[in-house]
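First chain A sits with chain B, and in the next complex the same chain sits with chain C.
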Partner chain A sequence: MPYNIAMVSDFFFPQPGGVESHMYQLSTKLIDRGHKVIVITHAYEGRTGVRYLTNGLKVYHVPFLIIYRASTFPTVFSFLPIFRNIVIREEIEIVHGHGSLSSFCIEAILHARTMGIRTVFTDHSLFGFADAGSILTNKLLKFALSDVDHVICVSHTCKENTVLRASLDPLMVSVIPNAVVAENFRPLSHPAYSDTAILPQHLGPHDTITIVVISRLFYNKGTDLLVAAIPRILASHPNVRFIIAGSGPKAIDLEQMLERNVLQDRVEMLGPVRHEEVRDVMVRGHIYLHPSLTEAFGTVIVEAASCGLYVVCTQVGGIPEVLPAHMTVFAKPEEDDLVAATGRAIAALRANKVRTEKFHDQVKMMYSWTDVAERTERVYDGISGALSEADFYGYEAADAASWSATRGRAGVQSFALIDRLKRYYGCGIWAGKLFCLCVVIDYLLFLMLEFWAPRDAIDIARSWPKKLREEKVAGDGSSFPK
Partner chain B sequence: MLTTQPHLRVRRPSPTTVEYTISTSPTLTLPLRLLLVTTIILRLLVGFSILLLLYSKYLLSNFAPDSSTRGLPPAAFLSYDYIAYVLGQIHTSRAGVLSTRLATLTPYSLLLPLSFLVLHILLRRPHTTESLLVLRGLGIQTSTSSASYLSSATTRFIPTEKVQDILVNEAFRGFEVRYYLVVVVEGEEEVVVVFPRLLPRRVIVEKVWRGVRGCLWEKGKEDRVVSGGKG
Partner chain C sequence: MVPNQAPPIPATITTMTTTTTTKVTKQQRPDLTRSSTVPNLIPQLASNRTLLAPEDAIYQGSPPRKQSPAVKKLQHGLRMTNGLNGDAPAPLQSGRQKSRHRSRSRMRKVTWKKLLWVKQSYPDNYTDQATFLEHLQRNPRLQPYDFWPLVADSTVIVQHVCSVVIFIVCFIGIVQDRISPVGVVGWGSVATFLGWVLWDWWLGQDDLFKHPNPVQLLAPQYNSTVSSASSTSNLSMHNFGSTGSTPNLGAHHHNPSSLVARHSHSASASSIQSATSQMTDQSPRLIPIFPAGSTSSLSHRTSIRLSTAKSALLIYFTLLGLSPILKSLTRSTSSDSIWAMSFLLFTINIFFFDYKTPEASSGNKNIPASLSTNAALMASTVLASRLPSTGQVFSLTLFSIEVFGLFPVFRRYAKQRTWQGHVTLTGLLIVGASGGVGLCMGHGGDGEGMLDFPWKAGLTGVVVGVISTCLAMGVCSWWLIGLQKYKNEIHGPWDPARPIIRRQWDDY
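The block that comes next holds the complex of A and B.
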């Protein structure tokens, strides 16, 4: 059953990043499966208005004020009129928000529920519980997720984190990992490039081993750890080189470290690289070092393994779930252990114990966007009632019929305002009342909009012609000059 | 009642010419004509009373000329003296006396902005009409009626060889997303939006788009243009 889906997030191309490519890949695969997908994001410089991407993916770049790291200013209600217009003209049935720091996504989920549309939220990041910023974000997330149909997390660690932060029922949280386009991350020795059979690469004791680091240079990506570890690794292993790609506020620390230790000839700083160039950087190395302090999934280490690199990474967040043990060396997120783990990896490579040339095919078997799209589609089926409750949530959940008081008889979240208010009221003594107020105002605004901008005054947009049903398009006798 | 939803009228004087007119004016019936005439008379009345009020206020001010010259009408018709005589007559009439009393009561700060606002509203045209004229081999002409009676319609002619493409696009406008018809003109940064004030609905825009393409480019050429269409 094809759905009309709107992906909503502040983060989308042309900005690079994990959420962005996740949304793009998932959308294209869902379109391949016969759904109609649009993306709603804010306007970027040089990227405004309504755009079409490959495969007929329509992107609405809504003009909005940006405050911090591509996030828009949270205004709670001001997004409603334009969002309602887009949802009506595109006949959206499911709103799928991405990224908990995106105010667009949180607002869209609230408005969508007000309009009686099913919502899904995908969480891509982990958060703490202690500092003031996290407490505020968590409260906001609790508000957004009080009334959502289903939540998707990219790893089990992420699921645990989100369930705790937003006080969710674990049954309504699914885990669907990220994936990689394995064809874009082939090692140099791949048969697609040479006809010769794959020979296991043998490294002699004096051959140079190159360690690649590709990450945005922020505190949470562990750049400080990298700054401390690089001189020690280079000191103890003479035939080792580093290639570091990426930019960010911590780049200056790295450069200072290089100058202090005079390591310019052994460490190559590439600066920012585009996503399509990442593979070309990766295949130049043997080991991929990922010193991140927090990571919900870590797509980049899957990409590295797909390029045939041995992965050294910190054992934080969802990283341990991502790759099998024979592809990775884990370290605790501290300087000494990171140096020791890198040493172990270098030794293992020199001893030719690791069959890195097989990594690509193994990763290809493990991760594919088609699989991600299939699993996401199952979530859509579950929340819209196409799949029975027992099938979707498990038979135990269906038996214990009262596991959620506000859940309707069909196993789907009720849209009735009173049921929604009940869900929000439980958020806290003061917050609950405040949230209820927000929901009531949102509902009143929605009713006013129905009066001021009636539905039948909004044009229904034409859908992109579907590939599979060519005869229908031909019979329609029209094609847009797009 | 005087205006309707924007609707399309197609005029085809010859096989190679077609004019698309989008207008908010309804088809004129006798009662509607009478109503229009009534509103025009009403507008004139209100407009002249406001002008009279302003004139009275002017006479009350320090800049007013000495109103001692009064008597018989000057012989020359429509001369300066004659106009001054007529104005004096109006000023001393009953309506003039009434407006003088009203003018003494209202301060400048209230009278001036209010009267200019009302005059502005009175000068507005009740209907908006926008049209697109297509002449095969020559070009297309867009025209938009102006908002007030003081200015005339703005027209723009684009010769065929300058027209790169005509396409339907979507854009944000206020709190909504609208379909609109644009002409891509060679050598210009900005595209020309057809029907910029009314922005008719998708059904109309698509109909005009098909018609324009069919009329502007001949059949054989049209295929090339459609397949090479960009967007």
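The block that comes next holds the complex of A and C.
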């Protein structure tokens, strides 16, 4: 059954990034599967109002104050009026928030539950538990996720992290990885895209091997490791070149390293590249080096493998889950080990032990957005009751009866205010009471809005004519969903 | 779509609602089959098995009085996947295996793998008991404290607080015309000089130690006499310092003078500090340049001594020149603001002071954090600007450089060299500080009361101060040990890795 879904996050195009493209690709594929999807984000410079993207994806750019790196100012209630308006206008049934640092997403989940709408949250990042910033963020996340219907994480490590951070029932958390659009990351010559026959590349002992690094040059992307490792790799392997793309505060360190060691002729710094150009950079190399220190999923190494590159990466976060062993060489996040792993990768390539020309098809089989959309759809089915509880949570119905009472009728969290308050109350001695207060105020605001801006005064938006599902093409646009 | 249109739930179910998923921490639970057995099960779960399970994340070691709501939720998750029906709390190993058997036999042939690239026949929200959270580490770097070492370590803090107090007492004495400023700075300088002599001697020992010659087969014996001698000299020096109620200052002017000369033209107090810090950073490199041949090392050390004397003279004269300016620096500011400001700055000094013990390998050359030193020197500058005459201003500023710039370095080194010396120094500082405070606050020798004698206030201060300091050290240590049980650090693969880089790339 088709749903009306609202994706909510602070992070969306035109800003580039992993969350943004995830939301876009997922929305597109869900639309292909017959759902109606809208995106709610804040206004970017030059992007205000309502926009339509390809495939009829409608984007609401809500004007909001931005404080830090495209995150909006966290006000607990101020998003409610316009959010309610949009939700009623678009007849939304499921609100799907993305990104735990997005206050938009957290607010939307709260308001959606107040309005009696199912919510899903997707977590894209890993957080520690040690520093003050993480503690605050984790408390906020706990607040938001106390009353969420289901959570999606991009890797199993991310799931463990989120379960701990927000004290969730592990069964409420699904792991659905990111994906890549394989067509956009194809190797230089591939039979599926050109007529040339497949030629296994044979590298002689003296052919130049190019190592590609594409990452934002930040501390947590491991640029320090890179700076330490490059001179040693280049010193021990004469026929090796580097291509480094990306910008960031650590770029200076890299450049200083190049100047000190006079490596300008062997290391090419490209500066920032757009996401569309990433493939063109990748196909110039043989090895992709990814020295990151923390990574929830690491889409970029999948992209690199899809381009037919042999991947050398640090064994951190969710990275070990992402690619099979024959595509990767893992290193510990240490300078020595990274150098050694790169050496192993170079030796394996020179010995022609790695069939990189097969990587593309293999990656294409592993990750696709269609698959992601299907699995997400199953989550939607589960929370809205289309799937039986036993099917969704995977245990016997008898077992379920004893605890699912809280979840109301269909294996989903009850909307009754008292039940919601109980869930929030458990968040902490003080925080629990504060959260309850927030929820009560939110509910009162919602009631006031029902009075001041009644539902029947809000117009219902026409939905974009669907390509496949409706046979009678809605040329006049008169066919509303339902 | 009014939200609370939840279906009418039978009364029994609502009570279950309250017990099971709600996050209310403590509740009277009706006699339900599952949830009532849960709490008994958990400690057992935690104790007898090797693998971690989700509930370990929150349960173990968190404060016992409150059971985290997350535990309950996680338990639910666990039990669900296990398929255990909440019956008797079975010993875990068998329960776990049984449950895995069951789930496997239910529909799965293959074992679940923690991989994203394989299509698995498990649902997306499947939680594998054997591997979920297996890399979780709790309190990995926990080292339990012992009482007496903790008390011993707290002496460093006590020393610093006492030296700040002594400085303030001296200021009050000068302001109230009870102590002559020249006396303060004179005794201070004498103590500084003695400290420097001691320091210089210790350095000489270090050099002998670092470059043993064939001649020095006698070295161990020599060394033992030295240590005893040094402790006695230490003692005598401290007596000296405390009678003048001034802390003694270990100068560390053993450094080459070039840097001082470079910096001294702008010899505000803070820049002196920064100059010394630069020098000290460099000195470890300089020492090995001169091999241990006795004549060459002597000449090297002599030149160092000469340069030290030169820089001391430079500081002296610069301060002398600056004093008239400092005197009128804050004339337009009211005294209240000055007291508040200097209080704040001294607080900053105490809180940001670098109390950590340097490793023996890194040598004695670490300079305390500059924020703290700068705050103290600024505080003493604004305090000095309250004083009426140039001589007083000069004395107080010079004294502050000795107390806040040089004395910490000496204390740090002294602690490394002789433990007895360190303890004695601490005791003397406590006595000095508390006696000074007593003298400032009380009034003795004015003929009032029966038991009046000239040093009554001071003696009372000493007694009260020493007792309260010892109590505070003990109580704080005990408190810190008590707080350890609340420590609950969680580490896992999601933490940013710490890159291990062999060489800093300044070294290339």
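Criterion: the second predicted complex is superposed on the first by the 457 of 482 C-alpha atoms of A that agree within 3 Å, B and C clash if a C-alpha of one lies under 4 Å from a C-alpha of the other, contacts with A are read in each partner's own complex, and residues count from 1 in each chain.
The rule is simple: contacts are C-beta pairs under 8 Å (C-beta built on N, C-alpha and C of every residue); 3 or more make two chains touch, one makes a residue touch a chain.
It should be emphasised that the depicted structure is a prediction, and the values quoted were computed from it without experimental measurement.
When both complexes are overlaid on chain A, the residue A:V50 reaches chain B alone and has no touch with chain C. Contact with neither chain B nor chain C is seen for A:V262 once the two complexes are overlaid on the shared chain.
When chain B and chain C are set side by side, the one touching more residues of chain A is C.
Touch criterion met: A:I82 reaches chain B, while chain C stays clear of it. In the superposition on chain A, A:A132 makes contact with neither chain B nor chain C.
In the superposition on chain A, A:S174 makes contact with chain C only, not with chain B. In the superposed pair of complexes, A:A325 makes contact with neither chain B nor chain C.
Taken in their complex, chain A has these residues touching chain C: 113-117, 126-130, 146, 150, 152, 155-158, 160-161, 163-164, 167-177, 220, 222, 224-225, 227-228, 231, 253, 257, 260-261, 293-294, 296-297, 314, 316-318, 321-324, 332-336, 366-367, 375, 378-379, 392-396, 398-400, 402-403, 405-409, 414-417, 419, 422-427, 429, 432, 443, 446, 450. The residues of chain B lying in touch with chain A in their complex are 165, 167-172, 175-179, 201-203, 206, 226, 229-231.
Residues 49-50, 52, 60, 62-63, 81-82, 85-86, 89, 453, 458-462, 478-482 of chain A touch chain B in their complex. Residue ranges on chain C touching chain A, taken from their complex, read 1-7, 9, 13-14, 16-18, 20-25, 32-34, 54, 57-58, 66, 68-70, 73-74, 76-81, 83, 85-86, 114-118, 123-127, 132-133, 136, 489-503, 505, 508.
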